[in-house]
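Take a look at the structure set out below.
Chain nomenclature is as follows: A, B, C, D, E and F, assigned in order of appearance, with residue numbering initiated at 1 for each chain independently.
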């Protein structure tokens, strides 16, 4: 079990701060507000490897573990991200057991997987015995975010080396024929979300989810999710500015723009 | 009269977005929320020339004019900033008429001043006749933020080429013996703030001020200020994150950290 | 039909500025010279995602739409590029209908394709209804640049969600057994280029091409191409410097170095 | 034969400086210490394309040729790296002849391979006839670093366009069931390392290897290796600082942290 | 008394790591080797404000306090540096009491000095009451490095708000007519160095010094210096690489190049 | 005599490439076109110290010496620039002998001047004896660009340690009451330009000038100028793009925008 898995096993519910802005300054401000976990998003976030590395350096000494979402299930970027020293990795679009196995191959050292060895910064921050500890210390989450993935859920959960699942409500809704949104309302989508947590926990895995509001986070925790992410830094920033500006001009707040 | 001066002459009250985060992404998000003016802060902001240049490039094509606050009344950085093509410049700590004259010398072309010619990007964005238009098109604001400056206010306002004043409430309060804050409450400080606007307008100059809240902006507009800045992007960002996180955890909002 | 498609449908011929230099300054200078379209080249250009993002931010508010050429038909970088908010995307080496289908999958939201939802900056600049508009508002061009692609042209053109083709003359010549050049002279290559436009237009698709000179652009427009790119910023820059320096030294201009 | 191949054919043994730190300053310091070759590591190094490009620009005019190790056998990043103008390329995890063929396809122009043409910076630094010279002037090394690759060694060596092999001792040891280390001691691993050089030379190919110490480099040269890399810049830097600090505090030197 | 002052009052001798390389990666490696203090050099280091800010962010959460050496006694850069949140500041070339008073003015809030208020990041990391604590929590060191400064030493030490002195042996030697070196051997220079510590301590101030070797650090501690810096990261890096390369080639180590 | 001075003493006329774009890529393209000298402009160029450092690293190994123009006669930035290892320095607005003496103080080591010692990169590239060679190896040019400077020309030329003058025609024209232009036509300005070269050469100093065209460079060489700069990279780039685009559209070339 990874440290995150152990943490969740005690019943702790973790609020995850989500960084989409490529800036060590906004990353630091985020990381000092009290989140339980932090994630740097290299997929939909406006962030590539080199920016993410610096942001990680800034956040890592602070208490909350820092994870990365990689842009795709591609071994090159997955390896670079892990070597940087992230505590965990979220991989989008794991739709089949084969997807999950390839993710495992890219993230776990032999004999379990085939991750290439060279943990340049990970060694520096996680200790010289990282070769021995990495396979159990780094959390790997498969994103469940399509109807196809739902159909394959138990088989995906059965892949050794995958610590848990992470739900993308927008893509899940879109894949099921609804408008993409971080706060789905369609019963079919809501049922799927509830079921994913149930089955993940039943399989002894962790479960996390992206959300669109503080209220949704609390609902997700009640459904069994171990951790939940709140919007993005960019969207909360835009909302805050729009709200303050509306207060000056005494107009109503405009709909927040941006993902 | 500069375009800003002309704008204010019609009675328009401008809300100024204040950028302290060195990021073209946060700059763009700010600039798309509807501020009337934007300012990039090279003094207390975490921003130097090269970062400010890129941020300016991103914001300039959008409707709101973009100004810079320079770190100090030093000709090297003032000239570089103006050559980048800013629509206006705010200079801290103009405490004496001599300070104001040196500011004017650094910001105005001969025969009025002694600004060195080489408007590399300014020419590109403001047109090939920038040499002829710059002295009247670029706004220059002297910060009035010490007791000494108050004593010299009329003499500072009389310096040709200075378009107006900008009040720093924190430094003004500190200089007068009070705690520094963007929302001063001491009567002596409040009276000084009111008087600065009155005397600036009487001298035919513009007046701007930094504030700590939407409510204070409206009070300042009522006192005659032409434009007012709202906190900083960094502080509003930190507040917003803290507020959302408190909503998840159903705790009260912590005091916002950061200037 | 995308906006570009609609534009071309009126008979407009668009000159495309091509950015290979990783700099928001050169990007801005390019974008202010009057091109009808702009493209940032992440394939052969010296530009990666993070640099391209900033360049896009600088160019997007200006009138010409900005496209990206991605380095490869790989879902990770394609999704990041689209989420940044580009108006169109050019993908190299689409040689088979299967290549084209995978490109479509990566660029179109369900139900047409499988693009993952999270348009962080695209939402900011294209509006909150981007989820509904993206599939028809973003142009996707498949590069036709091998003999194999020529053989599969009609099948590639038939893939729904591919708006048009973009010809790479250097690769096409190389693939057909000739020296790579932006201004091919071999009849076989010239015939292929002419045929691509004809068949693309017959299929109701747009057609663009890279060129090596202003004269070639006019020839390509006459052959039916909707838009054409002129060399690269880097090559035009090198040529210009060499020409000016030769004028000083009164020597003949050296052959321009660089792609 | 590439220039490197020709060099090695004379019996020259080359010491390869290995850059994992993303900085043009450390790159320049490295490159001025007298290495015979330099490599920028985009796989386990903390370096992506844009950083590597600038580092290459700084090092290339100096005497030692500069190679890149790419993060993975993926055509997009391979092409970008070559277009930047590197003198050679090392690709990790070439385990099968098919891996080697795909590497060759991505690195060699037609008719041998299918590398896309557009050598933006390569043309600038290697001359206008790069289209004719690249296939024989750029060295391509396949990493042999798994038990599977050992089994396929002769078939990999037989792929035309692959100039040689590069051994990763850590991954090789890990794949064979031992702890990963740059200085393996298990006989089975040492025998494999010796055999790779022998078979590569027998096939008329070059052979290089990563090492953990100056002494190991000399042993590898004695076994027939043409070039060998010494640790990483990051690890030598950390060791040097720790050693100096221990000398101040008159403590024994701590075990060096970091890959 | 600042925290550093209090620390030194207990007799603690601090080894100071000196960063001249503009890289968050080398900064982090340095900071994790066990120094008691860290300093980022914006004067002779290859580092400007924006780079220093990121390096500070990376190092600050680690145990050793981080100071900055500013490029000059200029209020603009001094204020920006302090607002970034450094624990201390070293200012070069304080040769007269007037220099020291201007340094104090720029670094201390009213009523003691005239530092402008706006501690954007300092507030974030040092707490919301930074306005009250900064004058006693931030250490300010005046560099004593010329014959003129020696003559004015007691007067400089008497300026309130200056916490101590920092000796630059190279400049001191050069100013006294000797070759500049971090390890002076001229008796006159050595005597001056000894005297500076004695008089600083007599005045109740701290004393630090730059050195050229671990041995010199121990001598300086014995003479009463509270903290001492060891060469630079750049010079130790170059030495380490040269030493390792010489070990490979079994040649003697070349003289280390670089300051 | 500096190397540049010695070069000019033989009658060599040097064409100086002028970099205003903050990019190592454009810098490298410029530096490979055959200029005799290169200058990075930190004053009116869009370039600060950190960008200039990287550009210098890229250009320095190439044949042409690289100089910097600093933003102002301020010791902090002058010292940083010299420590980076530039071969020469151009300082704007040297209007009085006192300005020239302060420039000399900041650029020359004791006993001549008071430059602070710490040539971090200069040592690396110019050799370990830089302390001994710098005062005679680094060229320092005072800009003569105001009517006041003309009046003080002989006294400025008499300051030991100033190697020569550099004329800024735009500022000179502006200061004399004419429109600023790199190609002045007013007789009074032209006479002043001619006289500066004559008096500089009579005093045994070098003379350089900025120009607006290849033709003007040849005229300036005929008047005795040792070196001359051609426009800026930015302006030549903009002109080239505009010219090519006009050729496509068969319109006349627009007036080039930008300094």
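The rule is short, and it goes like this: a residue touches a chain if its C-beta (ideal position, glycine included) is under 8 Å from a C-beta of that chain, and two chains touch if they have at least 3 such contacts.
Not measured: the values here are computed from a predicted model.
In terms of the stated touch criterion, the partners common to subunit B and subunit D are A, C, E, F, listed by label. Between subunit C and subunit E, the least number of touch steps comes to 2.
Common neighbours of subunit E and subunit F, by the contact definition above: B, D. Taken over every residue number at the interface, the positions common to subunit C and subunit D amount to under half, indicating a different-residue contact. Using mean Cα coordinates as chain centres, the one most removed from subunit D is B.
Centroid distances built from C-alpha atoms place C farthest away from subunit E.
Set side by side, the interfaces A-C and C-F show unequal numbers of C-beta pairs in contact, with more at C-F.
In this assembly, the C-alpha centroid of subunit B lies 34 Å from the C-alpha centroid of subunit F. In terms of their C-alpha centroids, the spacing between subunit D and subunit E amounts to 40 Å. Shared interface positions of subunit F, defined as residues touching 2 or more other chains, are 22, 25, 29, 32, 46, 48, 50, 74, 77, 121, 124, 234, 238, 257-258.
In this structure, the chains touch in the following pairs: A-B, A-C, A-D, A-E, B-C, B-E, B-F, C-D, C-F, D-E, D-F, E-F.
Chain contact summary for the complex, subunit E toward subunit B: residues 48-50, 53, 74-77, 79-80, 83-84, 109-111, 114, 116-124, 127-128, 131-132. Taken together, the subunit E residues at the contact with subunit F in this complex read 20, 22, 43-48, 50-51, 70-72, 74, 77, 92-93, 145-146, 168, 170-171, 174-175, 177, 179-180, 232, 234, 238, 255, 257-259.
The touching residues of subunit E, counted against subunit A in their complex, run 24-25, 28-29, 32, 54, 57-58, 61-62, 121, 124-125. Contacts from subunit C toward subunit F in the complex involve residues 15, 17, 21-23, 25-26, 29-30, 32-35, 46, 214-215, 217-218, 230-231, 233-234, 236-245, 247-250, 254, 257-258.
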